[in-house]
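Consider the two complexes below, in which chain A is the common component and chain B and chain C are the respective partners.
Then we have the complex of A and B:
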């Protein structure tokens, strides 16, 4: 069936020609396949679509129209978006403040770790052991480290004192949470970044690196001159994957920054409590907020969907 | 390719030459090996002098572990230590805390009096038992359901359809969203009065159902939402697995006159074992992280009645009730559950030399 379609599609056929032939060849089975696929697509899109239309409805329109139907002209309003942007904008800035550095640092650290554990020549069984210990770190439920993490940052690492010169500049010392988040996300990002780069470096041409080594290049030079310049595609994958993960994470922000009223509160923390009040839930505001908070990851996904897919599949 | 190879070679030669203080290229390389290792005494750089003790030690280590061991250690040991400290160090510390009676506003736990009191307390706590059962149900049902949906989607997409990329992009889209975001969407879908869920079952004359209010239903509603978010992931993994199966297997099954259904069941699905295992492990990890989803659903530490899992209970006990030691004990139980899943998986991969 697949082959048939391919063969009849001569390169010279016009689009309408091709379309007609396709329709003629379409069996009932084919049609059924596409119907199922479209239904599935609907299933994945409806929650998102319904959120989008709800975010631009007035209070009465929400009650009167179907949840997935767009609002009529009288039920249309951007007020909720305005409110959501107002509430979340500072959170977006805060999230950027830790997500971007943490992403870049953890990708770079993952790259050199994977390099040290893949390309250089030492005992494979020891390498595998170190790797197993690192990879196991991907699967740790973070609840198992939360209490020590709180202890570590609040009692042991006195970052607030260490960075006193920063607070002297007029930056609220709540921002120590941002610094803690960067270090924490880098530490817990090392396992997955290492694994992703490791799968990539395993396929790298060995003879190229070997001849460089024979020519007297140090490992550092091999990394700088050969491995790093060739890592571009994987860096794209890792940066995208890590950025999405760090941006989306709620648990660490909840524990390290703790309150949504803090000036350093990340966007996920503010969003989790948005639109809830004594009178009930403001769904339009919640939806608008959800979309606004998701904009960076959605943009990344739309522009770099292939890299994202590669990252999750590895 | 060979052109590129030549260029790389030349680049290395050029830059390597200014490093060569003594002898030929190989000699220069060895020299650099020593300086990178960071264990070299100053005088050993001068050719002719006696090799220092550290040098001999380094040579001994390298001889035992492989020629690049010391030189490569600068690349992986610092990150390994950082990660080891935050992961393994923290888990051990967490275990220690779980043995104390640490609670409320004390600054640090008192490590002088260790016992398993928190674990016996957990066993006597019906809330803990419920949460453990819910965690188990969630992990099994969510993983199995997601794998099944993902497999079906992957098989459909693999049948050489048009717009394959568009379909794939749509199916994977929810995974790029945060739990915090998707929780808002599902809160709206499960809304009693205006939600889509009640409208859909209303078409069949059922409901309305209080999806998040009914203790017996809420866990399944959450599982369904999580399946929506992650079945695209399972699809991507299965798709990669399907693409790795040679075409001949399909043709051979066809020649044998097997029906499509039989072909997939007997020939194709058994070959997807590797994909199933790795996807299942990752999905279980996602399942254990359902905390973010449940927290955002209610905007607080207390998930809807009937949907409490160990992850939410742990955070609630520690950060809302300030029962730090009790929270740490629950975390250890959760960790043991995770270990039960990933331990065998890592051993399996280790044995297959896949690491």
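Then we have the complex of A and C:
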């Protein structure tokens, strides 16, 4: 609440004053509502809390305490976090290498495609056809394209050969998987990005665009100077959505990079095998790894949070 | 600056299998520096006409030319036309200064300092220099309106197009802006086409007004001509508040016979009418006079049904037959001096002066006889 910052009458109510006033005005219904809300919040938070406490427990503490109970002083350790960070750090870098470009490119291409499908004047029936084809792309499941996708990259577009000059620079040719992931995720992301941007552009003031055209701006300039700068909130939505989607995707990485031992292995691939061995599951390590791997998506949410709210509301 | 010429332009929309004619064969010529107001009820095609001039709608047939250049296929951005929209359509992410510079940056190669000089000049002209660094969302409606105007003016275009630019303002601000717009247009001398549904704006602002209905041009003339010599019944009813009284009458010999009254007319009027007998008699409320006692064939004893005091004048609803129920009975609306005490139910004598009546063909709506402008002017002089 921005209550106190918005007040301009110089009100001097202290926190305790306000608290007392709130409590005095509370009815039975209010109290009931808060109890329910607290219970619901607890219900949703328990798994996260359990994961967090598990990640800082020693092996014996995991066996001896309940999953959601905090470890005692003797059962506390940060060793698992350390191990997780060590194991995942190189994967984080690799994931960034494809998640960031793929997110930005798909958002940008989606925005331009949506612009082309809404603002310019061309035949409505053609627009509808192109849009229908693009939207259809959203509904193709990942699993359905796995075989054609591997065939495409192994037979039709052999990037390993095409990019030989890159490998000559001393970069391991395993990184071809990263390039393939970028292209694949961009292709897969364009339909949903286009749809989201199109919905947003439909609500833009037509008169404003017309006004810009009359002011002498070409289509390209209208996008550059009017539509693009006003797309901020929708870019936040699309960036968050795409980044989370691409960062967390395991299927394409399994198919295109496949081994966790590869120098180009993304974080999800390493995480999948983290803490599992013949002796059983290392729960603490798995939890620490999961939290560590989720940090970038969390950061993106926090970073674009305000714009996200605005874009979702639009 | 140049003459804007519309030559029988037509616009049809396809709605399923139906073809909707939005603008039907409109021709008009707007002189260099002229202020033309296009007015009509909603859906009459006035905005479509404006948008065709702007290049925002394609033209189904006909030509639009600016000077000696046909601009049918010239894209909007190359027409050298500036438009002010009803919603102002300011760019919300730009400051007022950026909003005003945008058009110059996009349509000319002027250096930055020249552009900023022109923007400041225009801001001075509109009295908004203090707003230059603010965003549109921080401005009041009236201020946004000024910025929208400024954005058009700064480009110094061949033609201004204005699409109901004042309709989002409150009444008082609207009256003020009306005067200011006229003054500005006068100073700048830019050919202007102004679309409105407000007949006060039409009457007061334009050099000429073009009245549209159902996509067709009804009349294009000076405001006073349209008011006193309407081309047809639509124009007569559209202009003037309260609007003209109409009574269906039949010409029998030298008398106009209506449901509630008979009205003898002179030879001159009968000549105008020719052999049409199904007529509509029109009389403006302000032309109806209240007299002491019935003294001729044009005086009628009537009953006051409702009085609407406006302060400066009263609007009276008079009935020919006091016993008729107020629905459906022939009612004559008259405006009188606001200081004359009249009350509901009172019996009065109303005179419908013969020189002030209009006669329309009941079938075509066409005006057969109008009061002459000279007579109207004389009456104004006398009062």
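Keep in mind that, in the parts below, the second predicted complex is superposed on the first by the 267 of 314 C-alpha atoms of A that agree within 3 Å, B and C clash if a C-alpha of one lies under 4 Å from a C-alpha of the other, contacts with A are read in each partner's own complex, and residues count from 1 in each chain.
One rule holds for everything that comes next: contacts are C-beta pairs under 8 Å (C-beta built on N, C-alpha and C of every residue); 3 or more make two chains touch, one makes a residue touch a chain.
This is a predicted model, so every value here is computed, not measured.
By the document's definition of touching, of the two partners only chain B reaches A:194; chain C does not. Legend: residue contacts after superposition of the two complexes on their common chain; A:128 is shown touching chain B, with no touch to chain C. Of the two partners chain B and chain C, it is B that touches the larger number of chain A residues.
By the touch criterion defined above, A:210 lies against chain C but remains apart from chain B after alignment on the C-alpha atoms of chain A. Of the two partner chains placed by superposition, A:74 touches none, neither chain B nor chain C. Of the two partner chains placed by the overlay, neither chain B nor chain C lies in contact with A:60. Shared interface residues of chain A (contacting chain B in one complex, chain C in the other): 205, 208, 211-218, 221, 225-226. Taken in their complex, chain C has these residues touching chain A: 54-56, 75-79, 81-83, 85-87, 89-93, 102-103, 106-108, 151, 155. Residues 205, 207-208, 210-218, 221, 225-226, 229-230 of chain A touch chain C in their complex. Within the complex, the chain A residues that touch chain B are 1-2, 5-6, 22, 33-34, 36-37, 40-41, 43-48, 50-51, 54, 62-63, 66-68, 109-110, 112-113, 115-117, 119-123, 126, 128, 130-152, 154-155, 184, 186-188, 190-191, 194, 205, 208, 211-223, 225-226, 244, 247-251, 254-255, 258, 268, 271-274, 276, 281, 283, 286-287, 289-291, 293-294, 297-298, 300-301, 305, 308-309, 312-313. Against chain A, in their complex, chain B makes its touches with residues 5, 8-9, 11-13, 15-16, 19-20, 24-29, 32-33, 36, 62, 65-69, 71-77, 79-80, 82-91, 93-94, 97, 107-109, 153, 156-157, 159-162, 167-189, 191, 193-196, 199, 228, 232-233, 236-237, 240, 281, 285, 288-289, 291-292, 295-296, 299-300, 310-311, 314-315, 318-319, 324, 327-328, 330-332, 334-335, 337-338, 341-342, 346, 349-350, 353, 355.
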